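In the two complexes below, chain A is the common chain; its partner is chain B in one and chain C in the other.
Our next item is the complex of A and B:
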């Protein structure tokens, strides 16, 4: 029963939605617990269930799909952990307009279901519909702070840009269908030959994916949406939504174009270089921590795309591992950002001054997570980047490795800006130790330890590598 | 005159009208005019579907797009009393850039279509035409069925509905306790402060 994890998530979403109707306001705190239990059950079912396929191969779970689903489930679990304090009102500075807990968790879980169906899709129709399910509820989540003009603006911009990207993607899919006469991904892979129409389709599809993955030049929505959306939603956007983009890229670039992905190297290398360079240079000048994380996330997407350059299948485990390391580090950073916003309402970089004096452990966690994002050894971000860089280098893109190395140095500079505020700048005069809720403390602790351990203990990478290294060879045959 | 010639003439007639209304949609400065022009574009697209022997699709196109979406757009324009609203004239540079992008995209796609042989799709079995065949394919759980996307779409509709309602709901009044987050049961019986010219009054809670 390889669809069990998806079914559990759907059932959880519906249960939360219905339970919300029958619970009094005071009792609605259990909704978060219910959601977490459902997500944990789905994760257990995912790891217990073997790979397999259903509906005559129309829904299929393989090793790569399992790892993607692990990333999605973990990201959603952590997002719920980060959300529940704000939604339950256990905060010093309340976010205006955020509420409707049952609906919030139900909508969040539906985007997760879309992401999970997407990696198991084996035809264009399912792929497209699941991608929409993974995207459209996020428009509503971005605008979830009712009565907040910034959040409404974020939602509106996200809708408009998302619709445009979706139209491009659908146009590209229709061309693929026209070339192959079938919606089945394997049949398309067998039918397509390099031709102008295929490249046009590819350009359109890349535009659509680039929107999800925030590749330059399709990134322009990210800054404004991150600025306005509620913080936990940004955490989800920056991690799970990117993983969704990567999953679509796996489906199209590997499953459909597996035999010619090598020829696309220069295009992908250009996208990667542009994305990391723009993300990094723009991140330097940001003052709001939300916009800062938006551009940091853009540059991270640039590093990940390098994994597609590989001459062999080595890129598959490298990208999956980097995604996992990125989830851990980014969620730790967002944990501290949300803690600080909940306690003080401060969201600007220079307002982090003196955090190490008042809350030394949280500042340490933030520093470690930021260093992992920058790629400092021995943290997992370094290991992940090392594998990605070596993929690009093996493929002969030495210039790209040089660009990426320079970019990593730049990123270290701007990540250090926050560390400097926390450790060196004088503390606020009236500052006292800020209280931290147990959920947030646990989330930050677990994600920080994870981003350490993933880098130090090689067994994680080995497992991913052994399970997924054969995947591409099976596809290309 | 042979049937093929009639069909060709009909095709070019519909195509020309469709183009005319499409251009009218984007150039009209009054929103209502643009909406009406858009309606004609959508009806004419249904005409294309009929010519391609996809009658069911044509029916759905008219029902969903003309009967649903355009009507909603017109409602929004009327309700927000933006009927008289004139779109600002865009600066010349933006017009030129837009035209350049559109012409570039058109040129690229046209060149690609003229040089590509879409043989595979043309040779493939003609898609199911009747509503019965489409319905059977949507619920078929075999290797050629579409039951997975069909179910995913139902989830998508539910999530979009819930999300849309949640975003559109009235935000909590300032007098409510901070912990409520807006989903207090008390909010149901909350009546907004009486204002003059408040068209809603308390009627929305009926």
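Our next item is the complex of A and C:
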């Protein structure tokens, strides 16, 4: 029964929603626990269940799908861990207008279900519907702070841009359908030949994917949405939503266009170079840490896309590993950002001054995670970047590797801006040690250790590599 | 009616229909770019999604008349578009409650706040 993990998540979402009806406001703290148990059960079911397919091959689980689902489930688990303090009100500085815990978890779980179905879709219909299921709930989550005009504005901008991107994607799908005369992805892959209509379809679909993955020039929404939306939602957006974009890209560029993806190298290299350069240069001057993380996340998307270059099947495990490393590091950073916002309400980079004096361990975790994002050895971000850069280099895109290396250096500069505030700038007068809730401390600790261990112990990459290296060859045949 | 047109040799072919869907798409895009009210933008989004749905039906009719895959997709598109509009309108109503406007030109609270060199 290879659909069991999805069914568990759906059941958890419905249980949380119904339980929310019957529980008094004080007892609703258990909803987070219920969600976490459901997610853990789904993860266990995923790792225990064999690969297979259902509904005449319309829903199919292979090695790559399993790894994507691991990323989605881990990201959602960590997001719930990061959300529950704010939603339960265990904070010094209350977030204005946040609430409705039951609905929050149910909506979060429904976008997760969409993401999980998406990687298993083998059909345009399923692919489109599950992509929308993964996207539409995020509009509501971005606007979750009901009495906060910034959050509502973020929601509006996200709705408008998201709907526009989904329309482009859908029109591209309709052209693919018209060219192939079938909605089955394998049949489309067999039928399409290079033609102007195919290139138009590809351009439209790339627009839709670029929106999810925040590729330049389709990244416009990210800065504003990240600035306005609640912090845990941004954490989810920056990690899981990006993985959804990558999953759609796998579906289209590998499953449908697998035999011509190597001819698209120049296009992808241009997208990657533009994305990382713009993300990095704009991140340098940001003052708000939320907007800063938006542009940091944009530049990370640029690095990931490098994995699609070239005839080498090694791009598949490299991208999956980088995604895992990115989840660990980014969630650790967001853990500290959320801790600091919960305790003091401060969300500007210069307001992080002296954090190493008051909370040395959290500052250390933040520093390690930022170094992992920048790609400093021996952290996992370095290992991930190393594999991605070597893919681009093997494909002959040496200029892109040079651009990416320069970009990594720039990114180190702006990540060090935060480290400087934490370690060198004088501490606030009368600043005392800030209290940390156990869940937040555990989340930050686990994700930081994970971003260290993923880089130091080679076994993780080896497992991913061994399981997914054959995947592309089987697909293209 | 289509039979009469077909008898006169005037039945629209796939190219006519594709021009229609592309025109609908272009009109929707124009609406998104020019409308100042968020509700107007949502209507333009409906046009975009419906042009894609129409394109699925047209391709289904001309490419594989024996099957219904394109029609099924169109039904799903309509359902998804409804969900999108419901969430969008909910966000707009919530926004209107706090800021008393859904004029896109006046929603400039979120913007770059840069370090002065």
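In this text, the second predicted complex is superposed on the first by the 477 of 477 C-alpha atoms of A that agree within 3 Å, B and C clash if a C-alpha of one lies under 4 Å from a C-alpha of the other, contacts with A are read in each partner's own complex, and residues count from 1 in each chain.
The rule is simple: a residue touches a chain if its C-beta (ideal position, glycine included) is under 8 Å from a C-beta of that chain, and two chains touch if they have at least 3 such contacts.
Just so it is clear, the structure is predicted and the values come from calculations on it, not from any experiment.
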Combined model on chain A: chain C and chain B, fit or clash: clash
Partner chain in contact with A:267 - chain B first, chain C second, else both or neither: neither
Touching partner for A:164 - first (chain B), second (chain C), both, neither: second
Which superposed partner A:10 touches (first chain B, second chain C, both, neither): first
First, second, both or neither for A:143, with chain B first and chain C second: both
Which of chain B and chain C A:55 touches, first, second, both or neither: first
Chain B versus chain C as contact partner of A:113, first or second or both or neither: first
First (chain B), second (chain C), both or neither touched by A:29: neither
Partner, of chain C and chain B, that touches more residues belonging to chain A: B
Touched partner set for A:285, first chain B, second chain C, both or neither: second
First, second, both or neither for A:101, with chain B first and chain C second: first
Chain B/chain C common contact set on chain A: 125, 128-129, 132, 136-137, 139-140, 143, 146-147, 155, 177-178, 181-182
Of chain B, residues touching chain A in the complex: 108-109, 111-113, 115-116, 118, 120-124, 141-149, 152-153, 155-156, 158-160, 162-167, 169-172, 178-186
Residues of chain C touching chain A in the complex: 21, 25, 28, 32, 38, 41-42, 45, 48-49, 51-53, 55-56, 58-60, 63-64, 69-70, 72-73, 76-77, 80, 83-84, 87-88, 90-92, 94-95, 97-99, 102, 104, 107, 109-115
Chain C-touching residues of chain A, taken from the complex the two chains share: 124-125, 128-129, 132, 136-137, 139-140, 143, 146-150, 152-157, 159-160, 163-164, 166-168, 170-171, 173-175, 177-178, 181-183, 223-224, 227-228, 285-288, 291
Of all residues in chain A, those that touch chain B in their complex: 10, 17, 20, 24-25, 28, 55-59, 87-89, 94, 96-104, 106-107, 110-111, 113-114, 117, 121, 123, 125-126, 128-130, 132-133, 136-137, 139-141, 143-144, 146-147, 155, 177-182, 191, 195-197, 200
